[in-house]
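Before anything else, here is the set of structures, which you'll find just below.
There are two complexes below, and they share chain A, which is joined by chain B in the first and by chain C in the second.
And then the complex of A and B:
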């Protein structure tokens, strides 16, 4: 188990490095950066010498490879560099913005999970066909509406019309509800789709029929069998939804005029402030990688088959990624030699 | 094997209470796109305490539907159209909700069909057995656990606390079925519906599981409704037999007289098609092993096959004479299918020599093997999975021909191919009108005929048959076996027949090898191996064959 964790951790570090490098390559490949813009701006009237000094100060006079290695070296020492547009340390910039964004995404995540669970369960278990149809089509709708539209609708409805929540960030928890709800609706769409599909698939499993024959009612069966089995694919989906959560926070923060990583990203991209963009990429990737690491750790706790595979040293990623839980004897199980009774008994 | 006399003794002691379960004029229908399709028509029977009634029939005969209707668990769209199910004189087929749930598991319980998928894969097995107690008794946690331990001892487990904490995937199929049986008897029901309780289990495990059900029933006087497609199991294990055909009860009779003297024509037909009673079996037994040394079609010497660290086939040697049938029997995981795959060049041997029609296989590359592929064909258990769903029968059967013709020449060969396909279909007893049907429109037996036609179209000399009839109904099995026997004598084919079913093997083979854990434990002429088995394992396998009451009339 410890080996498995170490391996996953190594993967996580690898992903971080790859994301950082990829971002670096992409950003240097783009024409221009904040300093070049400064120098080339005719209004600033900088002499070529001044330009050289500026470039040297920011290390931009070196070849790209050297720039990359320097940045990587600095990164390993915990230094993310300085913003090209205002000279502030990138780590300070991000450190100030992070708590707000974390609060937003965390609450958004909670909203998303609650909405997805409610829609998934109600959509599968309701007696009313119209409600079932409605709850099954809503996630598809939500998934196809851009989040800024949802945000603006919430803003105009709950803030401007009903005055229930403040329209701009005034530091209260109430001000968080609007943007967090926007995020929640966004990520709940794929989650609830996977959840209801997975509930449906689990309820068709023979073991559910056997539970019914044992005299169990729907509620008992849900609590003692369906829930756990159908949460496995949702867990995988949660890891993926994290990406959407990060991307969504950029848009949401812009719509609700909140300070946070999203705002910083927006400004940094607009001014081609490369070190800041790099920092944002790093922070976002870390969040994504961490959540998926947690998913990887939780998965074997819920599914004993994955646990067994890990203990036996054959981690099968296939099982994690499948939509519905493969319960019956899969191909691999059928092909594997069955232990004779006395060996299995040990 | 447990005795068959005991249940009668138990019943005599408690007679004569009324039937514990009565099915009275039951008709069940399913709603379909166009109206209601009736699956069960006017079926009546009674089941006394401790009695075993076997419901037999082929797929689609409605036997499982009756089991579902008794439990009130018909699939969506299913409905009792008329008649009633009575439990201890009380009509239960019109109950619903809580009152029905209170009966399920406590009064009438279920031993399900496929133990590998009938347990929740992410829960420990102990708590799953406890469900029945939690739902139907007021026992506290401690008492429930203690009771599960008791039940596990009852079904033959030794380390009960360890078993309690295991997950389904840690148990073999037979052990999972024991867990399910423990759960079925946990709340001491009066009736158990056992719906194909041993399908998918190896013969020896099947015998153990059936013994266990027998034993529990004798102790507690529980009545058992045994739903099975296997007439052998029905004959060995029941007091009464009900034969279902198209949803009707064709015959309901005491088992002994049913076996001796079936009154209904369909019953007779079913019994005649049991492998141990097939007519060509006797013909074959009379065929003496020829005196002169026969020319070998397949020669296997010291064959081994390893997958990673696992040894699937371990130092196996055998020879198949031309025009004869060589069978490999064994339980799941014995290496028989791997051997078949090596013979057909689908897998390379790790060690040893394999010679087919005089060509050494081991050294051949995939490309060099191709000419040989004309001569060596394989037929699988589930042909449907190997048909391209977009193809009609013509294209399916023509495919091997085309693959041996140069690309782009299909137009030139169209006429000729069509004729050859039609001839192959005819050989497999299918009319030429099937050419443009789609496999999905065909029954299981017809699909297997198409698969045989596809194997024959290249006019092979050796055909490897990997469990070719395991998925088919008994009368269809008999037809396919008969077809195979006819084709062999007409075309001089050599068969390598892979099967877990010893009764079938006996019906079709000249020689047989018994495999266990990758090794051949015994091989020889069919009569010798079946009548004087040299290995105790062979004897055990033979002892586990269901239907000994059928074999001797």
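And then the complex of A and C:
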């Protein structure tokens, strides 16, 4: 298990470096940067000599390779550099924005998970056909309405008309509800779709029929078998949802005028503020890598089959080369819930 | 092409505005407490004003002319002189009096006594000299570039702690006005000593203004609080002593519909840059719309003579001028808040000459000129000459919220004359990286409530809008800035405009204007001479 973790960690570092370098290459390949644009903008009335002073000040007069190595060296010393459009330390800028975005995405995630679970379970277990049809079309609707429309509808209704939530971030928890709900709706769409499909698939599995045959109620079967089995694909989706949360925060933070990673990204990209874009890439990649690492770690805890695979890694390799059956617990048997006595004997 | 589709701050703007309108229409009655008469009784002290700006703040160097930043800095830093926005006259401020030598090269300023910066340090001749020197000469070690407005500054002598003598190497009729601009705000020594990057921090701005920085991250929000010991406002202000508002909270709200909705639901007091589309919405829910012409150049297309294009021909340039209907631009793309361009300078700018004789819409003249220049209509209506189509690229300029709507109207107008316009809508950074001497048309304007702004734009040593040296134009520009007789200078400015418009080097489009949306309880809302909100006299009823 420790070796497994170490391997994943090494992967993570590699991914971070690759993302950083790739972003650097892509951004320097584009024409212009914040300082060049500042100099080029006729409104600023800077002469070419003034421009040289500024370029030298920000170290932009060096060859690209030197700039990259200097940036990488600074990064290893924990220094992300300065924003070209703002003069603020990138680490300060991100440090200031990150808590807000973390709160937003965390609550958005909770909303998303709750909505997805409710829609998924209710859609699969409701007795009324019309409700089932309705709930099954909810994810498609949520996925196809752009989040800025959802955001503005929430704002119009709950802020401009009902005055329940503030329109613009004022630091309170209440101001978080609107944007988090917007994000939640956005990410709940794929989650609930996968969850519904997964519940359906699990309910067709033989062990469910066995349980039914033995007289277990639907609620029991769901709680002790279907939930665990059908949540695995959802867990994988959660890792992917992390990316959507970051992307979604760009729009949500703009609509709700929240300071956060999303707004910073928007501005940095607009003004080609390279150090800031680099910082954002690092933060987003770190978040993505971390969540996926957690998903990887949690997976075997939920699914004994994966745990078995990891433990029997060697056996698996043998199986692959020889076709022999690996030793270890029987796979289907491990996942089937053991019935408590009273059910079995009823 | 849809003329009615106007551009809000983001591509989503229109849809969002529609959604808001829809919802507010459904909800029926909204609070309507219209009180636009401004007759709100005696000013009241106290209260927090919430100001929403669509553009995020960038670095805070005092010379940053970004609209969002300068709307804040003008309240933080006082200047040596104050330009009365109504009369255009230069009045005393931190300099309580001055004399000018007969050769217009030496200015002796008496510095007001008892003025302190917000860090407690005193305003004296030395700090004034250090401020002006840094503007003029820059500082290589600190990464500070010289300021073009101080081009002919020779130096300052500290005569005594309250007297400075500023010397120029060439007479400059606009110099006292330079000293009145928010970007020449006098700051404490602590700011001057900081390097370029550190100057960019909000907290570095230590001025002597009626408000001081109280907090905020400096990128999406700023909080100012009143200075209770402030007692050196310009004489022409409505009151003296401390400001009325105890606090101003600036927040950047990129989404126009969020800002307008917040204004409607009384979560914001002032919203800057209301789009022409939203003006009626604001009035509809009882808010007030106040427009301020941004003195200086009118918003115009500058033509690069260095670009290899048919615009090198005078006939073609004149034809495009005649094919432009400014009244229609105003009606379709803008609103009555914006002035119709009648000059190179926005109406109200001191000494702005009338240029409407050059700017008349005359489609027949446009056709005649193009025919004469050999451009004959092709099968698709677009003119051709030696196989070349009369076709141009126009950029939607990201600095101007209304740019897309305006250039779309222009596109349809020029098409009637047989001229094709292809629109290009780049991002801010793309735009800034692409424009240059090969760009045929650059939409732009420089704001400054002084006709010498024309020299900044057209002189080949300065911005050089044509990307070409035009010695005759240079001479005219140099003559006006050395002329101190008001009547003669007015004639000189007219001569500059005559040259530019006779040669059709610029196509004025509309009077650059700042439109603010206000809650009805915001009283005595004012701007300084170039439409940046000056909150000293403002109060909440």
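FYI, the second predicted complex is superposed on the first by the 308 of 346 C-alpha atoms of A that agree within 3 Å, B and C clash if a C-alpha of one lies under 4 Å from a C-alpha of the other, contacts with A are read in each partner's own complex, and residues count from 1 in each chain.
We adopt the following convention: a contact is a pair of C-beta atoms (placed from the backbone, for glycine too) under 8 Å apart; a residue touches a chain by one contact, two chains touch by 3 or more.
Note that the structure is a prediction, hence the values are computed from the model and not measured.
Legend: residue contacts after superposition of the two complexes on their common chain; A:212 is shown touching chain B, with no touch to chain C. Once the two complexes are overlaid on the shared chain, A:305 sits against chain B while remaining clear of chain C. In the superposition on chain A, contact of A:155 is made with chain C only, not with chain B. Shared-chain residue A:254: touches chain C; no touch with chain B.
Measured by the number of chain A residues touched, the leading partner among chain B and chain C is C. Interface of chain C with chain A (complex): residues 10, 12, 15-16, 19-20, 23-24, 27, 52, 56-60, 65, 138, 140, 143-146, 148, 195-201, 217-221, 251-255, 257-259, 261-262, 264-265, 267-268, 399, 427-430, 432-436, 442, 444, 446, 456, 462-463, 465. Only residues 71, 73, 98, 101-106, 109-110, 112-114, 116-123, 131-132, 135-136, 158-159, 167, 169-175, 180, 183, 187, 205, 310, 312, 332-333, 517 of chain B touch chain A when the two sit together in their complex. Chain A makes touch with chain C in their complex at residues 30-34, 36-37, 40-47, 49-51, 53-54, 56-57, 82, 85-88, 93, 96, 146, 148-149, 152-153, 155-157, 159-161, 163, 166-168, 254-257, 259, 263-264, 266-267, 269-272.
Those residues of chain A whose C-beta lies close enough to touch chain B in the complex are 205-207, 209-217, 220, 224-225, 228-229, 232, 302-305, 308, 325, 327-329, 333, 336-341, 344-345.
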